[in-house]
Structure formats: C-alpha cells, structure tokens
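What follows is a set of structures to go through.
Shared between the two complexes below is chain A, which has chain B as its partner in the first and chain C in the second.
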Partner chain A sequence: MRLTRQRYVITLIVCALVLILVSAFGLLMGPVDPLPLLREGRWERLRQIADFRLEGVVTASLVGASLAVSGAAFQALLRNPLAEPFILGISGGASLGVILALLFLPAQLVELQLSIGPVPVFLSSLSLAGFLMALLTIALVFAIAQRRGRVDPYRLILTGVIVNAFYAAAIMLVSALSGDKLRNEIIFYLMGGIGTAAGRWSELAVATVLVFIGIAIFMGQAKGFNLMAFGESAATSMGLNVNRHRLLALVVASLLAGLSVSLAGPIGFVGLIVPHILRMIFGPDHRLLIPVSVFGGAIFLVLAHSLLQIIPPEIGPLPVGVVTALCGVPFFILLMRRSGGSVGGSDR
Partner chain B sequence: MTDRDNTSPPRNPTAGQGPGQPARQGAEKSIEQSPQPRLSVRDLGFSYGSERFRLSGVSFDVAPGELVGLLGANGSGKSTIVRLVMRLMRAHQGGIIVDGKPSLKWHMGDYARRVAYVPQESRAVFAFTALETVLMGRSPHTGMLGFESEDDIAAARGALQTVDAEIFADTLLEELSGGERQRVILARALAQQANLLVLDEPAAFLDIRHQYDLYRLLRDLSHLQGRSCLCVSHDLNVAAAYCDKLLLMHAGRLLAQGTPAEVLTSDLIRTAYDIEADVVLSPTGRPTVLPRVE
Partner chain C sequence: MNKMPHNIATGKAFGLLLLICGLCLVAGLVSAGCSNDGPASRPTGEGEGGDASTPAVPQIGKVRAASVVPSVTELIAAMGCADQLVGRGRYCQWPPEILHLPVIGDYVTLNHERLIVLQPDLLILNTSDVSKVRQMSNFGIRVIAPRMETVDDVYQVIDLLGTELGAPQKAAALAAELRADLAEVTRSVRARSADDVDPTATPSEAPEPVRVLIAFPDLKGGAQVQVVGRDTFVNELLELAGGSNVVSNSGYVMLSMEAVANLDPQVIIISAPGDMGINRTDDQYQAAWSRWKNVPAVRDNRIFVLRQPYLTLPGPRMALAAKLLADTLRRPSADSAPQSQSDAETAAPGRQSAEAQP
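== the complex of A and B ==
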C-alpha cells in the first residue's frame, strides 16, 4: 500500500497509543503489589517503586527504539536483510569497555558527577566506558575499512566481524583471568539486562537527547534509505549523495547501538527481528518504517521487560535478551510463513 | 585536465579518435538543431589502475532530441563512459559537460533533474511495488523529506503507461520478470523528467517485441519530446534501426562515430568485434548487420 500523509499520521498515532498502554502495563508489573501500599498510605515506598519501574520502562524504551531503528538503518544501508546493529563490532567494543571499567575502576568512581552548565549530571562510569569504547570501535572500524576516503559496505562488514572476534577473545581472556565474583558479573552483563541502568535519571536524560537526535537524523534520511535499496548507482542517479548519506547513517546507527549496549548490555534479536516484522506489516517504505521501528522497538522491549517482572524474585533476575529471543523468534517465523517467505517486504 | 576545467566545449568536434582511423563526420542533424549539446564529452580519460584497460581521448556530443547508440565489444569502455557521465566515478582526464556546465559542478538534485539513468539490471533488496519504485524517480522533484503530491502520482502512473506497464502498478517488483522489471525501471527514469536519459543495455532482458517497443519509445522521446538519449547496446541492428547517431568503442577509444550507415561497415565491425559480417543497406539507408556463419 502506497504511503500517504493520512496513513502515516494514523499509523504513528496508533503506535504512540500502544506504547503508552504497554508502558502503563510495565508500570503495574513487579514483585510488589502497590494496592496494599496505597491502602496503607505508604506514599514514600510507592514513590520509590514507581520511580524504579519508570526508570525500567524508559530505559527499555530507549534501548529498544535505538536497537530497532539502527537495525532498520543498517539493513537498508548495507542492502542486507541480515544486518543488525552490532554488525560492526559495537557490542564487543562496548562490552569490553564496561568489563574493563568493572575490573580496573575503583568503586568510588563507579558514579561520576559532572556539570553541564549549572545542571549537575550523574553518569555511570561503566556506561560511559561502554559508550567511549563503542565510539572508539566505530572510529577503528571506519579507519580500517575506508579506502581513499570511500567506505565500501562489504569491507566494513568484514572489518566489523574481525574486530568483534578480537573483542570476544579479549573478553574471554579477561573473564578467564578474573575471580568468580567478577566473572559472574561479566556473564550477567553480557546477557543484557534493563536493570543495569536503573537509578540513573541523569544518564537517561542524556541518552534520551542523543536517541532523539539520532531518530531525527534517520527520519531526514528515510527517503535516501529507499533509494539505497536499488543500489548505489540508482540512488546517485536519483540525486542522493551516497557517500555522505551512508557515512552519516552508519555513524549515527553505530552510536545508537553503542548507547544501547552501554545502557543495558548487548541485547540481541531486537535490532534484527523488529524491523523485519514491521516491514512485513507496514511495507518497506523507510519514511514510515523508521518511525514505526522507534515505536516497535520500544514496545517490544518494554513488553519483554515487563513480562520479566512477573517472575518471582526467588527465581532470580533473568536477562531480557532471553525473552526477546524466546518471544521474538517464533513470532518472526509465524509472520514469515504467513507472508510467503518474503522477509524483505510487506504481506501484499 | 578535469571536467571542472573544461567549460567551453569546441563547437565542431572531430570524430574517429581511434588510432589510424579517418575522422568521421556525424551528428550533423544535432549540430543543426542546437548550438549547445545537451551532453558534451571531451577528451575523456580514465583508468582503473591497471594497464589492462584505459579509456582515453573519447569525445562526442549528444544534442537535444538525439538518440545516440553506444556500441562496442565487452570491455571496450561503454559502461565506463556511462559511469563517468552518471558521476559514479571521476574522470582522470578531459571533461563532461551537461547543459553547458561541467557535470561535477551541478548540485546532486539539479543533476538528477537533468540526467536520468537506467542500469543494466535493477533489483531492490526490499519488496517495493512497481508504483512505489516509479515514485522514487520523483525524488529530485519532491526533495528528500516530502510525500508525493497528486501530480507526482499522475506523473508516475503516466510513466508506467508509457512503457506499457501500468497493469503492474501494485505488483511487487520482485514478482516481475526481468523484462517487466526493466520497463518499470525505465518508467522510473521517465518519471524523473530529465532531458537526458542514459541507458546501460536497457533491452538486455526484453523479448524482441519489447526491444523494438523500447527503441521506438526512445526515438519518440527524442524526436517528439526533444529529450536526448545515450543508450548502450549490444544489438547492432536494433540500434541501427532507431538511433540517429552511433558511437563505436574499441579498446577504450572511440573507433568511429556518425550515422548508422557510416559506423556499421564491415571493416569497422571487424576491428571492433573481431568478426566477419556483411552489411546490407535498406531502402531507408539503415544498415542491417549479418554476421557470417562459418
């Protein structure tokens, strides 16, 4: 179905409403029933619970949106339906950064207080280390892959795979040399979990600004993603500056992926599956796919995070990546079979 | 010299740049039609960095309303010329002038409104319909952010109708045959409403009826609408039947240019393709090439 302004607006309004509903569901889910607290008038405890749950919902929204939208961008840019946000080695870089910070930073430096003008900002040094390593990885991968100022997508993917393999080996080495307690922390971090960013509103505020900037850039590039689907020559002939478009989008997508890893660890499947599912439902036009990926990723991860809250605490915290894979993969297979095997487009 | 330096093309270009070949007169019609060629290629040179292939000294014009066929054996430099004209690569020598201005000096969007491209083969990685594909040809007119207007949709549907593909409007591109898909891609170039069409073997996947339909369409676009077409072709007879001018490439050089009868001679075909062929002239003066079967 051709994209019209009316269809665009209605779709985004519906997506926003679904996200609000799912977020409300997320706020209600948790091991503590808020009703008795309400009856007893324990407002401070209620406020603490609401604050904690809201942090989880906001973190899940930001991470889900970042992963899904960067996945959609990577798939369009690299003309590869199997591309996902961590394809350029971002997850390996950010994970190694967090692990090295866990290993070497003194405990008093785990939370940093900075000032942006008069505003005090608290940042987790672990998240910061992850984000800085993600940035370093992006710079490294681009520096290795570029040739005479031009970035070839296949060299880029190959470089990303190799850099990721190096990081994986480094993480294994660090884990092997660590004590049991640290090794458990590393393993749990690598599973990916929303809780890792909880309690850090300043950090989420900074992340929100960055994510919104990234989304705005992608929305401006959406038509270019459509043209890129036909290849570089065709896109150039239709007026797209392919090199500039690709470089900007790859950097933004990598930054969003790095940001999500630094907030919640490497959460798999969201960036791969969500854009595909949405493409099957809404069609391949990136002018709609980019914003619905933002909502779709957020909805998917908030839902997964909320479902985890139902699990009794004595079973222990489960990583959200487990839920994203367990729920996402069967749903994806179902949709793919219904759409006649076409993973590249809509069910039309 | 790059094409940035070459702002004033010579008015009467010489032809026949091949070594040992006599200069051939051609494109008299185009020179009469307009003092300024729509596309002017001057002393074009390019190398991929190896000694195996080197494009050099290629000069020709494409005038408004002219259908020009670009011929030559595999590896003779046809696609390199197309890629240079489409700014997919930068020339190492010489210049390409479009509407009086060096090609690289045009803004991307302005260039796309002047020059449209039909690649040899076009596949989309995602499942767009034919109409969605053709609407992308409107990008240079709508900008990178906006939605298409009713006029854009009418232009896209009109382009589909022109190439006899309106029945595919809502069909996914991947469900079409190679020839049907190629017609949709041609419609996308038409929807771009550029005055210069550059086509890289557009008839490669078409059956004989659609091959002739395509060239008839290109001729009508040129002669009736004043558009210019530069069309790479491997089919000498179809090109001879419809093109106003032919360019014959050999080993990175322009072996000959002129009317079909001037270019498609047994001697030049032997040099360019290394085959023996007889050439028969029709009553209209159009040649037909008949390769000798051993």
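== the complex of A and C ==
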C-alpha cells in the first residue's frame, strides 16, 4: 500500500473521529444513570460525574497512546516481534518506585504543589516516584548494556530482562514483609488499572505535554524507523546515524512507558498487541504507523476502560488489563489467521 | 589488545559495585520491612524460647488455647481467661497483656513447629480449612473456627468460648456486661435525639436517622472505594448509633466513587485503622472527596476519619465502637472537637494499639 497524502489524512481523521466516539461512550458508561439527574435538572451533580468520568477517559487515552506508540517503536528498533514497552525493565522500576513511595513517604509529601509560573501544579508524589524510578532504570539498563557508547539490541534486551527480574524480586520481598491490607493494595496496583488522580487535572496536563513531546519526536523519526527495518548496515549506508537514532528513540519510548506505569500501573498487553494489530491493518510504514498507534492505543484502552464501567460492583473492581487481554487476544488471533501468516517483526 | 586488562578490571569493579548496590537494597528493604512490624515481632522474638519451653501459664486441668483471630483473642482476654492463652496470631495486638505470647501464625499460615512445642488443647482459626483441621488433629489439637460477623455472633462465640475454656460463669458475665453497655448506648442515642428537638439541631433532621457512608480509604486515590454495606457488623453498630447506611449493597463492597457520591450521604466516616502501615493525615483522606462539592457531607465538612481499629472488629470493644459512632454522628463538622470526654478516652487506647499493629 503506497502512502499517499490523501490516505494519510483520511486515516488520521477517521482515527480521531473513532477516538471521540469511544470517549463519548466512556463518558456515558458508569454506575450512575444520568437520565434521572437530567430530568431533575441537577446540573452540578451531572457536571461532577462528567468531570470524574472524563478524568478516567483522559488517563486511559494517555496511557493507551503512550503504550502503543512506545511498543511500536520498540518493535521497530529492536527488530523483535516480542518487544514491548516493558521489555527494558521499566515497569518493574516504576512499580517499585510507586510501592516504596506508598510505604515510606511521609504523609505531608504525598501530594506536591509546584508552581509553573503563576499556575499551581499538583502532582502525586507516588506518580513522580514511579517516573523517577523509570528514569533511573533506563539509565541503569543503558549503562550496563552499552559498550563504548554503542548499544547492542541483544545485550539491551538481556539486560532489561535481568533488571526486571531483580525488581520483581524486590517487589516480592516488600510485599512479603507487608501486612495483609497493604499486600492486597500492592497486588492490585501491579495488575494495572485506570484510577483517577482524585481531581488532579494538573498532573494529567503535565503528562499530556510529555506524551505529546514524545509523539512529536517519534513522528520526526518515522523515516528512520523505516530505514532500520532494512537492517543496521543498510540503514547506515542509506545515511541514517543508526546509533544516535536508536538511542534517542529507545529513551523516548522508555520514558513514555515509564509515564504510563506511573499514571496507571503496569498495564500489560496494549503495548505488545496493538502495534501488531495496526501493522496488519495499515502496513509497516512508520510514517503512518506511529500516529495510528497513538490513536489505536488510546481507542483500545478507553474502550476497555469504558466496558469495565458496565460491570456490576458485586463482581469487584477488575483491572483493565483483564479486559484488554480478554478482548484483544481473540481479535488478534482472527487478524493473524486472515493475514496469512505474514505476522511478526516490523521488517517482514 | 593492550586495553583488555583495563576493561576486565573496570568490568569487575562495575560488577562488584552492582552487587554491593543490590545487597544494600535488599538489606534496606529487609530492615524497612522489619521496622514495619517491629513492635509486634520484637516481644515474641525474645519471649519465644521461654514461653515455648516453659509454658508457665496453665494450671492443671485448664484448657490451653491459642487463637490467630484478633477478635477472639480479645474476647478470651476480656473474659479474664488470658492465663489460658499460650499463643496468638500475628495481628492479635490487643490487649497489651497478650503481646508477650508467641506468635503461632496469621490468617494464611500456621507455624506448625511452634504449635507442636506449645501443644495447646484448642486452636481458634478464622476459617475451618479442612487440611489445617486434619493436620492439627494429628497433633492432638482441637480446632474451632467460629463465625464472627455480627453482634449476635459475638454473644454466641462468648458462649462457645465459655464452654470450650471451661469458664461458663466468666463468659456469662462478659456477655451481660456487653449487653448492658450496648443498651446504654442505644438509650443515650434515644435520649439525645429527643434533646435535639431543641434549637441546636435542624428540626428536619431530628426525627430521621442521619444518612451515613462508612468507607475505607484507598491508598492511591482510585476511582473506586470500599464501603460498608448492609448485613455487616459495622452496619449493625451504625444503626445502634442512630445512623442509617446509604449503601444498599450487602457486605463490604467496592463501589465507584460516582455511585457512592450519588447516594448523597450526610456524614462520611473513613475508617483508617493503624494496620494500613501508611501515614496519611485526616486532610488527605478527606481530600479524596473534595471534588464532590455538593454531596451534603462534603459541603458541610462532615467527613470524619476514625482511626480506632476496634471500629470494625467484632469483640468486647463493640460497645465502645457503637459509642464512638454515636458521638461522631453528633459532631456538627470535622473541625469541631469530639463531643464527649469519654470519646477522647476511648480514642487513646485505640491509637496506641493502632501503632502497635504491623
């Protein structure tokens, strides 16, 4: 499929429309029926509920977009169909950060108030701790994997797996030593879920800015991703500074992954499967795949989050990861069967 | 080539550094974890050998019991039978006189070796797990797992303990005392609501019970909240205390914040006992509700954080809990001090035991 300007524009407009549609669906889904409130004219209550649901929808779309675009980048950069945003140990690092902050942070520091110019910004220091630990993990993994400034993908993956195993052990240690209630809390956090930041819109605003910066960088690098598919030496001969390109893209992808974990815990599956699904539908050209991943991830997670809202409370709170895998896997298998086996890495 | 030794050396140094970092992290986590339940584990660590080898407690003929259920342990002590206890659960933290007992397990696991050494006649668990019962009966230990979920259950368990421990008079005395205390709470609630027809309260509220939500805090400020529903011990106490639960679901349920807010509670009580292991100020717990500005409880600043662990614990302090709830419902706003003197008194031991919890 050739990527024409027309196809590009139409695809993205359709994606945006679907995202808007799905978000509207998310705003309508919830345990409180808005109709009686509407009839009684209780606008203030309606506004609060809409505000509450919007926060969930925005969080879900930010997290979904980050995970999917980060997964697409990882799969292209490491030329490995099993690559996903958490392959470098980011989820373990960020989770450990959040859990340790949950355990040991003094009460006064749980919410931070900063000022950016005249605007007060409220951040949860739990999210911040998760993000900082993600940064630290990225630095650690790259420091271990690099040789004279060069990063070899296989060493990188291996390092990531090992670092992740270490964090997993540390998390197990912490939860083994915690009380029952706290252990539940930790386990539930590790399942990943779209909470709300208790009206902390400024935190979401900061996250939005970061996500958009990341997406912009990826869009600028889309041609590089395409060249990487031909292999390292071919890409070099076609004028790509492979090392620089790979390092920058890996760091940005890891940052997006860390951001998503600090917002919603480690939500699995989205970052692995959504890029694959989109590649089957839209082809491997990253100039289209990157923006489509942004929309696709957002749509997918908002939809999963909204479907969760219909489940009656007696069943209990289900982590959104359950829905993403339960709905996504059959869909993925269907697509894989129909596409005649041409599934796999970005380069095939 | 000549660079090789240097590389190996730096590689080794780097590896060593990593190893040290790892060990430090593990050590830090272990010590942090230990300090977490420090007050609980320390006394048992010291007293373990002595208690296990020389069970000085029992006199001849008395049933020797061990309980991992905090409320039952508390009941046995309140009956005046603490001398018959030879072991306790990890979360049994009250009264202080039982803290020296060796820990024999918790809800999930039992320490078999300690139990064999201690050889209690009776073991009280929270679930009658078949495999555990069989295991223990192989050791010659009788296992009971009484249901302890309602006020009525408490009386039945007291009765049962009287029989099992061979102290029916003590059991009857405790039951009578508890009945009298609860009756006293009910009586004073009625008397107060009769008083409230006077100018202090809004007349419309006086005849109807206050609409109350009792919630447990969520540590990360999630979209869902665990609340106290119908058919629970806390709900019984709430009704005794003159409140009516806004939640119509049964049991301790997770509900969406929006659904809970839409129930329009007049009072929100957040039960945050010390065993969460987390420090949060009242303000921070209250802040989770701040977005629902037109919910009456939020509007009137009637979100109360109660940290007494006995609030949700069926046991000998249930009358205290009912009284605490009754006093809380009468507070006009969270800024006002607790009304009665006795509330401050009852809060003190609760806080103390909250700190002792792991």
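Definition applied: the second predicted complex is superposed on the first by the 339 of 348 C-alpha atoms of A that agree within 3 Å, B and C clash if a C-alpha of one lies under 4 Å from a C-alpha of the other, contacts with A are read in each partner's own complex, and residues count from 1 in each chain.
Keep in mind that, in the parts below, contacts are C-beta pairs under 8 Å (C-beta built on N, C-alpha and C of every residue); 3 or more make two chains touch, one makes a residue touch a chain.
None of the values given here were measured: they were computed from a predicted structure.
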Joint occupancy of chain A by chain B and chain C, clash or fit: fit
Partner chain(s) touched by A:N241 [first = chain B, second = chain C, both, neither]: first
Which of chain B and chain C A:F52 touches, first, second, both or neither: second
Touched partner set for A:G193, first chain B, second chain C, both or neither: second
First, second, both or neither for A:S233, with chain B first and chain C second: first
Between chain B and chain C, more extensive residue contact with chain A: C
Touched partner set for A:N164, first chain B, second chain C, both or neither: neither
Which superposed partner A:S61 touches (first chain B, second chain C, both, neither): neither
Chain B versus chain C as contact partner of A:S125, first or second or both or neither: neither
Which superposed partner A:P31 touches (first chain B, second chain C, both, neither): second
Shortest CA-CA distance in Å separating chain B from chain C in the superposed model: 6
Doubly contacted chain A residues - partners chain C and chain B: none
Residue ranges of chain B in contact with chain A within the complex: 83, 86-88, 108-109, 111-113, 115-117, 119, 122-129, 131-133, 135-137, 139-140, 144-145, 147, 153, 170, 172, 174, 185, 189, 192, 198
Residues of chain C touching chain A in the complex: 18, 22, 25-26, 29-30, 32-34, 36-37, 91, 106-107, 219-224, 249, 253-259, 261-262, 275-281, 284, 287-288, 290-294, 357-358
Chain B partner contacts - residues on chain A that touch it in the complex: 2-5, 8, 76, 79-81, 220-221, 223-224, 226-227, 229-234, 236-241, 279, 283-285, 287, 342, 344-346, 348
Residues of chain A defined as touching chain C within the complex: 30-32, 37, 44-45, 48-49, 51-53, 56, 98, 102-104, 106-108, 110-111, 124, 126, 144, 166, 170, 173-174, 176-182, 185, 189, 193-199, 309, 313-314, 316-317
